[in-house]
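A single structure is presented below for examination.
When the chains are written out, they are named A, B, C, D, E and F in that same order, and each has its own residue count from 1.
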Amino acid sequence: MTEVLWNHLTAAELRERAAENAVVLLPVGATEQHGPHLPTGVDDFLAAEVCRRAAELALPHTPTVVAPSVWSGLSEHHMAFGGTITLSLTTLHALLRDVCRSIQRASFRRVLVVNGHGGNMTALNALATELTAELSMPIAITNYFSVDRDLVRDTLDTQGALMHACEGETSMMLAAHPDLVRTELLPEAHGPEITLPAESPDPVYLAVPFDRITTSGVAGYGNAATAEKGERMLTGLAQALAGTLAQNPWKDLLDR
Amino acid sequence: MTEVLWNHLTAAELRERAAENAVVLLPVGATEQHGPHLPTGVDDFLAAEVCRRAAELALPHTPTVVAPSVWSGLSEHHMAFGGTITLSLTTLHALLRDVCRSIQRASFRRVLVVNGHGGNMTALNALATELTAELSMPIAITNYFSVDRDLVRDTLDTQGALMHACEGETSMMLAAHPDLVRTELLPEAHGPEITLPAESPDPVYLAVPFDRITTSGVAGYGNAATAEKGERMLTGLAQALAGTLAQNPWKDLLDR
Amino acid sequence: MTEVLWNHLTAAELRERAAENAVVLLPVGATEQHGPHLPTGVDDFLAAEVCRRAAELALPHTPTVVAPSVWSGLSEHHMAFGGTITLSLTTLHALLRDVCRSIQRASFRRVLVVNGHGGNMTALNALATELTAELSMPIAITNYFSVDRDLVRDTLDTQGALMHACEGETSMMLAAHPDLVRTELLPEAHGPEITLPAESPDPVYLAVPFDRITTSGVAGYGNAATAEKGERMLTGLAQALAGTLAQNPWKDLLDR
Amino acid sequence: MTEVLWNHLTAAELRERAAENAVVLLPVGATEQHGPHLPTGVDDFLAAEVCRRAAELALPHTPTVVAPSVWSGLSEHHMAFGGTITLSLTTLHALLRDVCRSIQRASFRRVLVVNGHGGNMTALNALATELTAELSMPIAITNYFSVDRDLVRDTLDTQGALMHACEGETSMMLAAHPDLVRTELLPEAHGPEITLPAESPDPVYLAVPFDRITTSGVAGYGNAATAEKGERMLTGLAQALAGTLAQNPWKDLLDR
Amino acid sequence: MTEVLWNHLTAAELRERAAENAVVLLPVGATEQHGPHLPTGVDDFLAAEVCRRAAELALPHTPTVVAPSVWSGLSEHHMAFGGTITLSLTTLHALLRDVCRSIQRASFRRVLVVNGHGGNMTALNALATELTAELSMPIAITNYFSVDRDLVRDTLDTQGALMHACEGETSMMLAAHPDLVRTELLPEAHGPEITLPAESPDPVYLAVPFDRITTSGVAGYGNAATAEKGERMLTGLAQALAGTLAQNPWKDLLDR
Amino acid sequence: MTEVLWNHLTAAELRERAAENAVVLLPVGATEQHGPHLPTGVDDFLAAEVCRRAAELALPHTPTVVAPSVWSGLSEHHMAFGGTITLSLTTLHALLRDVCRSIQRASFRRVLVVNGHGGNMTALNALATELTAELSMPIAITNYFSVDRDLVRDTLDTQGALMHACEGETSMMLAAHPDLVRTELLPEAHGPEITLPAESPDPVYLAVPFDRITTSGVAGYGNAATAEKGERMLTGLAQALAGTLAQNPWKDLLDR
């Protein structure tokens, strides 16, 4: 059986996966403005997409289940654009605590939170630390776009890394959900370059409302996107994530 | 444009819908055991399915948007079966508060929470009351299966109302997601009849673990399901829900 | 000894009741406007009255103690009338948690919350579920007016069930606390008929401020009340509640 | 009209009292072990008794309303005796916040919390400070037994101040609720002398479980109680409290 | 080794102190206006100073460690003066809970909170009670200025006890931190006499903003201060506190 | 006047600084094991030291105040070593919220949190974002060791960046607090090299207890430390931080 999605599996099948010590991938995204050309669900869709592909690749050797995705994150900085749903840090903490505790009670021991939203990065790092203590279970965290930074850089023509509604995200949406891209608006899909806060070399961090950075809602060059680049990224990132699972990052922290 | 899903829409499109005073449907389901034959996502899938269909029917006259579904609810009573993700009441409250506040900040004024899980019914009623006060915005609540109880009763052969993983839910899953039904296990898909707590005539309520009621995880007769009955229910419930929207239940509480 | 009230009993007597596996009845009412003719304590007084009578009837066969009543509930919808004290859902949860935990620490194992306020019904159902999990002790819940719906319907002339400051509540107050009824104002004591939200056939629920429903603060026909009808109801409801206790609703969930 | 109890008054009558700028007395007691001879409700009964008497004395010149009493407080130190209901500090804070806010929303501006339990004293002082800031309304606090310490000292034969289930409390119970005193157990009703923590000269405070201090549950000399001493205290304390209200302690903090 | 400050000790040294069953002193002060002549840190500095001196005196016979001081407390009543940092009661509770739990996890069993701010007194009493229950560890509490009230009274010329930015506090600051006293402003450093709320004979307590009491921010006679009086107080209070430790107030509550 | 420390300043002086639109630096450190040779207060001492030096450098052109340091942070990973005080993320959030709100109420508009502990980095980034929204005031965040990474790298002989109780921290302690370094234990002061989690190239993050990484409690080469390197770093980092203040990072977010 090759089904990897938690909500597509029956309880009995999930008990079997737990007995096999399967990894649970928990995508965490956002529902927020993504420029004129992309739907608000991008961060959720792409994190879930890479998780599903990675789990299918990993399944033969590393049993893996993909939990339903947490489709809302920390998007306060996008609120001025409308169409955005944001959680407080405290609510996100409570939600992840309850979900991870349920996963633990369902007899799984290895959880990897797979983030898809730049604005969640530092918070999820901090929450993973906190949940690890609260649940006495090692909660790992990554970003779907960080598992192979070289691939991202080499694939993109105008950017060195993901920005927002940019060449990278638009390309992956063209590959995975072409019907959801407003291609007629691609010419407007560009904006200033940014570095994700968690990766910025600037020593001082200030939460800047996104509408002070870009009027289009885009950072980077969505207008340079192609489905081919998107498919290359999705494929490569899924392979890299599957490779990460094969290395079993929990091995030193768990008995088995 | 006929797209109704929030996360498929762009921020600009959502601003337009808000300007049209669109209704936002917020499906709330569960991820919990559903017998040997159904996947754990049933309550989430069916609530979202009826919402989407209803919104598409309503769109020409009542602009409607379907938010991403809250796929976890109050499922403590199913935890013994495994495969179940449950939230505390406090976390569900916090999550709905943040989501509804974001919907409000996105300039929508009419929200209808559409529940798909019997175990959420009384809690969502109480939370709708509380959120209405907290947000100074009338938060309406219904269950997708309550909008036309006659239809449900008339369609089902073995039951008068929905139970759990039963003739009704199994039929609707055969209609909407036939690939997710383990049809080979349908013969085992039966259990004792129940009444949903919120609709029980018994004056005393006690939270009973579901494994004390049924060993199969089913209450009712999943083995009596057919896709035809399911399609009839999904169609009729969506029509009834669209009809409800047309009546504008908020009209006495809002100026417009 | 026939004393049934917790706060009238000494600690040693309560230890004895706990050793006899007594039931603890916990009345939960409200302090809120009740029309021109009734005091604000009605829901509290009547829940406590039925509990006390039921406990006295039950005592010989089912040892029973009545805790002091929680005299404030969820009354936001009555705030516009003045004279009303309301709790947030979170505070009511915290209060019931601490009280029930104390009852548990006092070595009682069977708790029945007896509600007296329509606005508390769904919340108490949800809280009983939550507290059962939090305390690992089955917290049962009922409404004093639900234990014999036939009696209520048969006794009342103008209504089929309790409404608010209505024929039913006014009659019971005339029976139990005649000095607290402003009989000179009875002619004004009427208003539109309602159905309690938890029992409404309407599939959509919206929290409606009570002053949008009635200017008198009454729903139903307080002007049709008599002490005789009230006494009949109090007697019958107490008997029904005592009968419920005799059936030991906890028996399948507790060892003894 | 001479009724002073909030829950005996109608909403319209309470609106009138608020318009007269009435004081609201909020008794806060406890439900906890009180030796072999006294019921667990003593602190609640006596605080409410003194409040009611004081309000009746004050009514002609100082309109006064007595809210229903908060019958549970901080009684962790009595839990070992059984029969005791205790709240966490956080729950007591939440409860008082909601009750005081409701009083404020009912258009009253002057609230005096009247404590009846030694174990609540410092907490209520701190909570009054906090609530004053949270609600932007001056919340005053006193103890019913502190309003005339000379009277207490002069009336009692064996003690200089109230202790626990002692000469003072037992005397007042004999005066107010003689049927609730187990007079046959009075000979056992004695224990070591204590000073209430908030009034102790000892510079170091440690929360000591009460069963480490007394095996009878009594501190002081309940066996020296008489109804006459009790009536003298109740009368005098009510007069002192009414006198306090006449001085309007809020006058410098409120415009009127 | 005579080092007593936690943050000056290494982890290994602290493990040794814990193995010796050392007492941990936890100073809790405030950062708030202290008149024209004193810095805002006074309450923090003096509590920490007395703790350090007492620990050095106690060390040979009673191993003692001084934790870093909690430099913010409950100072809402000083906010109008500026320069003041205040915590909510809930935050102070959370902070002390985490600090005391960490001390407990570091294998210490005896904690004495040493308060330096009048506005914290009742709250810390209540919090010590609550933390004792929450942590199952006796948390003791004192005020640095209460350990020898006779000394304070005998030393001061114009006051019988500490007030605020007064003869007492100013004298101790002249002794411990003369460079931080604006001596040129001493002539202005006076205001009305007060009694600390926790020690007031007035039976009714109301939180009064400090700017309603004094325009200078001083209560008492800072202008009567001398370094000699300050040194005498610091020395004597430290001796008294060390003497208190020698008596081991925890001895009846802990096995060792 | 050149005093820069909040708690050394009077309320009137702080009101003046606020009127000058001074920056408030808020050091946040930790109290945690720092190997055999360093005291537990290192992260607190060094963050406060760099802040003080930077503020003194900045004062002539950029009025600056240094708040008392938050000496406890997120140190769960060090608990196994003893001597460590850790806060939960929720408590740290509450504490910073109250402190920053007080700073805001004291009329300051520019706050820079200056972190001194690797384990706080991502959490403070997330909390700065959250507090910016909660307080409607831009809360900036940096690490004292990030303001000039080149200087750190160039100064150290064995490391490219700070680790823990390492060449860098030990050198700065030798410069700022030589009496607190156990120089006789320097030979043992070494351990494996690490990268701070927030700066790790590893895409997967897992919270690893520090005792799984190092038995000495050191990561890096404390034994390579010298006071000269420490002084060079402290001087340079303070200059860099002062330079950062001169650039006014808030300028685009505030009117003045």
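FYI, a contact is a pair of C-beta atoms (placed from the backbone, for glycine too) under 8 Å apart; a residue touches a chain by one contact, two chains touch by 3 or more.
Please read all numbers here as calculations on a predicted model, not as lab measurements.
Visitor: As a test of understanding: of all chains, whose mean C-alpha position lies farthest from that of chain A?
Guide: D
Visitor: Among the chain pairs D-E, A-F or E-F, which one reproduces the interface of A-B, with more than half of its contact pairs identical by residue number?
Guide: Over half of the A-B contact pairs recur in E-F.
Visitor: Weigh B-C against E-F on C-beta contact pairs and write down the one with more.
Guide: Looking at B-C and E-F side by side, E-F shows more C-beta contacts.
Visitor: Which integer distance in Å separates the CA centroid of chain C from that of chain D?
Guide: 27
Visitor: Need the CA-centroid distance for the pair chain D / chain F, whole Å please.
Guide: Centre-to-centre distance between chain D and chain F: 49 Å.
Visitor: For chain C and chain F, what's the span in angstrom between their mean Cα positions?
Guide: 57
Visitor: Mark out which residues of chain A touch at least two other chains, giving numbers and ranges.
Guide: Counting only residues that touch two or more other chains, chain A contributes 88, 90.
Visitor: Would you identify the shape of the chain contact graph, picking one of line, ring, star, complete or other?
Guide: Contact pattern: a closed ring, each chain touching exactly two others.
Visitor: In what order do you meet the chains if you trace the ring from chain A in the direction of chain B?
Guide: The ring, traversed starting at chain A in the chain B direction, is A, B, C, D, E, F.
Visitor: For chain D, which residues are in contact with chain C within the complex?
Guide: Residues of chain D touching chain C: 5-15, 18, 31-41, 44-45, 67-68, 71-72, 79, 81-88, 90-91, 94-95, 97-99, 102-103, 105-107, 180, 182, 217.
Visitor: Considering the complex alone, what residue numbers of chain B touch chain C?
Guide: 74, 76-77, 88-90, 93, 112, 119, 121-123, 125-130, 132-133, 138-143, 146-147, 149, 197-198, 203-208, 212, 244, 249-250, 252-253
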